[in-house]
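We call the chains A, B, C and D, going by the order they appear; numbering starts again at 1 in every chain.
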Amino acid sequence: MELGIIGLGKMGGNMAERLRLAGHKVVGFDFNKDATAKLTTDGGLGVNSLEELCKNLQAPRAIWIMVPDGKPVDDTIAGLKPFMQKGDIFIDGGNSNYKESQRRYAELKPEGFNFVDVGTSGGVWGLKEGYSMMIGGDEDVIESLRPIFETLAPGKDEGWGRTGPSGAGHFVKMVHNGIEYGMMQSYAEGFSIMKAKTPLALNLPQIAKIWQKGSVVRSWLLDLTAEALEHNPELDGLQAYVTDSGEGRWTVFEAIDLNVSAPIITESLIRRLRSREDNNYTDRMLSVMRNAFGGHSMKKK
Amino acid sequence: MELGIIGLGKMGGNMAERLRLAGHKVVGFDFNKDATAKLTTDGGLGVNSLEELCKNLQAPRAIWIMVPDGKPVDDTIAGLKPFMQKGDIFIDGGNSNYKESQRRYAELKPEGFNFVDVGTSGGVWGLKEGYSMMIGGDEDVIESLRPIFETLAPGKDEGWGRTGPSGAGHFVKMVHNGIEYGMMQSYAEGFSIMKAKTPLALNLPQIAKIWQKGSVVRSWLLDLTAEALEHNPELDGLQAYVTDSGEGRWTVFEAIDLNVSAPIITESLIRRLRSREDNNYTDRMLSVMRNAFGGHSMKKK
Amino acid sequence: MELGIIGLGKMGGNMAERLRLAGHKVVGFDFNKDATAKLTTDGGLGVNSLEELCKNLQAPRAIWIMVPDGKPVDDTIAGLKPFMQKGDIFIDGGNSNYKESQRRYAELKPEGFNFVDVGTSGGVWGLKEGYSMMIGGDEDVIESLRPIFETLAPGKDEGWGRTGPSGAGHFVKMVHNGIEYGMMQSYAEGFSIMKAKTPLALNLPQIAKIWQKGSVVRSWLLDLTAEALEHNPELDGLQAYVTDSGEGRWTVFEAIDLNVSAPIITESLIRRLRSREDNNYTDRMLSVMRNAFGGHSMKKK
Amino acid sequence: MELGIIGLGKMGGNMAERLRLAGHKVVGFDFNKDATAKLTTDGGLGVNSLEELCKNLQAPRAIWIMVPDGKPVDDTIAGLKPFMQKGDIFIDGGNSNYKESQRRYAELKPEGFNFVDVGTSGGVWGLKEGYSMMIGGDEDVIESLRPIFETLAPGKDEGWGRTGPSGAGHFVKMVHNGIEYGMMQSYAEGFSIMKAKTPLALNLPQIAKIWQKGSVVRSWLLDLTAEALEHNPELDGLQAYVTDSGEGRWTVFEAIDLNVSAPIITESLIRRLRSREDNNYTDRMLSVMRNAFGGHSMKKK
């Protein structure tokens, strides 16, 4: 079928490619002219405006928005609307907060537009292995997009599904990322403990490789870790600095709002915050307190 | 080759079976007569004493000990020694503390015996899928056992390896289990958050299934969870009560001894302790304090 | 000076009393007629409407609002406004979110009204010992209320102060409560550990009493705990169920928004959530997972 | 009465002084000659050997050992024994592990010696304010030392007591320190959050001072913090590096051994470990993983 894609970056570009290779007509827009040009060269149609994009798609149009969450999504929708008509479908495949997706749905529905939220997982590997997609919105609308989902997914009926009404896609993806934080932290702590056990001189790349087969902790994340360790066992040249892209903190907020205790996901986020604190006030204050009551020496800068 | 196995339970029994099916001669002992009888019926040799076991193996003997950690391992070694001779190999395939394994190695080596520690992962699935094995001890001794490891492992050269000197096998397995705690807790928290989001009426078995393909959190543990959820989505009939078998707390102790901060693995253990606290004193004291300073009401029993 | 007080409950009633005893004129309103009647009996003036309250105060009026946070505060302000005039002062002494206080200030200021946010600590002990007050708002307005603060505080120049512009009072009070969560949890855990050390048969009330003098952990919270333990060392008859009144979770949200890692305050909140989870899904899922991969038995309900 | 003191450092020296000022005869030994000389100058008796120390005390001797835990305590006891006689009392006032104290008691008792373990709190302030002492051992032996305890304590019958049999003193002191970790971390996190809220430009020394009177979080630790902040509000010149002297990690180990969940005390310890990790492997691994699955950029060194 036909699909418009806004945002041809790391994720959107690969998705366009996967769809195109499967025979779908892909019309794509990006502020980066090189990206649109590349799409055309590859056999799709790269266009230079939202208007042009809409004109090159037959109604009812389906337009996949793959841009950073927040204002860019709203701006994209606002920019597209004048060129779209009732029955057209907006698909937000990015990492939007599910509450925003619910709001957008509630705003667009009365205007006759459809809105579907798709939590997309798979990262840079999706082109090759397919994307896991958790989808929220109206059943008939999602059903009408089936050819797209079947192509993007790892398998025809695998790795994708409607998880509920509007917002359910991004909600589930948000929690997915929260779990991801906890899993990553689990591995990282374990490898750190082994690294620190210097008398045993453990070979971390080898251990990761052993665990890939038959162990209880085998996973795709472990596969990637094994490969990364093979290339750089000491993780040389890197800073112990970890960013977060939002879904982790949303998961934490949501857990608290729901009165669900989620200590591990929460602490995994907190540790990322900690990684970005330089000479933090907290620890300096602890040092000062120890000195104040016990005369313990303080490490000076 | 020939292998003696002490302990024919859930793990040892399956290992004997996997070895036997591959053509190895297996001589097994268990205090449970049914287990030894079954081994004989299946085509191995079940014996009724440690002496008999040793007599049915040719030197240099290799004897795999698969019994609960601690005294049972020491008792087994002590019971076997009179019937063994220099060059024979003790293999501890159970969940022993790596420090105990190092002690046993240090005690047995001067007496002419070999000792190898094998951290074994794979649980009840090992018979079919093979066992992940992390092995500590002398290189030549481990090499002499290669046919055994190649058979038990998921693949000839996959899922097993010597991770270092004596103790390195059980150390790595210990950390493996620590990571396992963290991963399990991550999933469990995530599913709890989704369960609590009642307005979305999320279908947890379906979501687990979606995630199995293409998502960042796909793993063997998720595969098992998806299957379990399909059979019992509400987890009905179960108590929120989680035991721990030792490696988790050893990992925590080790991390602290090594001055490695491992908050997630640690908290995962602590949450298991919490699951077994009934009407705990801590929370009652918090309730009392709130009442004492703020006049907040206390929930009575 | 003159002060109007809305809300004559546990906190507001005691504050009225403390002010009245020091010679201030107190005009009070509460939906509970008994509370207003009591104020009149005690020597203040209890009134039956917001209008009456305003009429009995000379401009510029100062009105202390001591009602639950959220809608009740907005409703009270809206109810008072028609009877107030430019230059009058609204004082929110309750546990409002600092962002709400900033919003109220921003709304009231252009209308000519003053708004001051006062984070008030001291609980049921304030009548006798005085209240700790952290105050946000315009300096001259706060200064004009000095006689009130000097009376309510534990000492003329002690235990109160302007901590910054609008919102700074409630912000500091919010963090105060976050710290309070952590301190309470610290004590409660410590006493639980001692309680569990049964071979030593430790006498917890005695230990609390010892610590009150000379120890590093001496505090007012410990004083209260010692007294509570003396009356009920086993904490009999209570449920391990801990509520939270909001400031704790706001502190957690704020820390994350500020990218400050605050693991202890956060976990103290999470443990309160946990105390209210009955047969929680998280732990049941852990139990199911252990069974799925290791065949470990599950505790049935 | 008479007391021998081994170790005249920060703690022991002040205790000697406090005892001497109250009229007790103090005989002291330290490897540091200046410390012994000072004791003599001050009016006590500084000696140059353990033998000399014993000779200058009348039986039954009471000797307070104030040296680092572990080997130094055992060495001191072994060094003293030849010059002591049945009925003499060893007092370990340092920060020994309670299990060591129980072992020492069990070893010394059959030899006719008495052993008392005293957990001592109060730090550098003890000289002026008195020491909080938690004491384990035989009742009659502790009773015979009453004059010493009454002098060292903040008040005759305040701040000290026998908390149970041998080991109970050091056990309770250990937990005391665990609580101390949690309290310190609570304050430090709270102040960090306020520091980060730059738009409010909060004055931390002023806030600490306000809280000292009437707030729920008032405590001796807060008093010290307020004073420290007054001198150095920015905590300039310090490193975010926090050491730990052992009791915290013992508390964590003990809690786990007792199956008591103590997340806050545990995490407070873990954060101290974290403060000493430089460019830690854990966070670098997280960064690598994020890059591996999502193509997220890594911060290079």
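One rule holds in what follows: a contact is a pair of C-beta atoms (placed from the backbone, for glycine too) under 8 Å apart; a residue touches a chain by one contact, two chains touch by 3 or more.
Computed from a prediction, not measured in an experiment: that's the story for all the values here.
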So if I look at the partners of chain B and the partners of chain D, which chains show up in both lists?
A, C
Centroid-based (C-alpha) most distant chain relative to chain C
B
So what's the Cα centroid distance for chain B and chain C, whole Å?
48
Intercentroid distance (Cα basis), chain B paired with chain A, Å
34
Can you tell me which residues of chain B touch two or more of the remaining chains?
123, 185, 187, 189, 192, 196, 216, 220-221, 259-260, 262-263, 267, 271, 274, 277, 280, 282, 293-294
The residues of chain D that touch chain A in their complex are 10, 123-125, 184-185, 187-189, 191-192, 195-196, 220-221, 224-225, 227-228, 232, 235, 237-243, 245, 263, 267, 271-272, 274-275, 277, 279-296, 298-301
Residues of chain B touching chain D in their complex?
216, 249, 252-253, 256, 259-263, 266-267, 269-271, 273-274, 276-277, 280, 282, 293-294
Per the touch rule, the chain A residues reaching chain B in their complex are 121-123, 126, 129-134, 136, 153-155, 158-161, 163-165, 167-168, 171-172, 175-183, 185-187, 189-190, 192-194, 196-197, 200-203, 206-207, 209-222, 251, 254-255, 258-260, 262-265, 267-268, 271
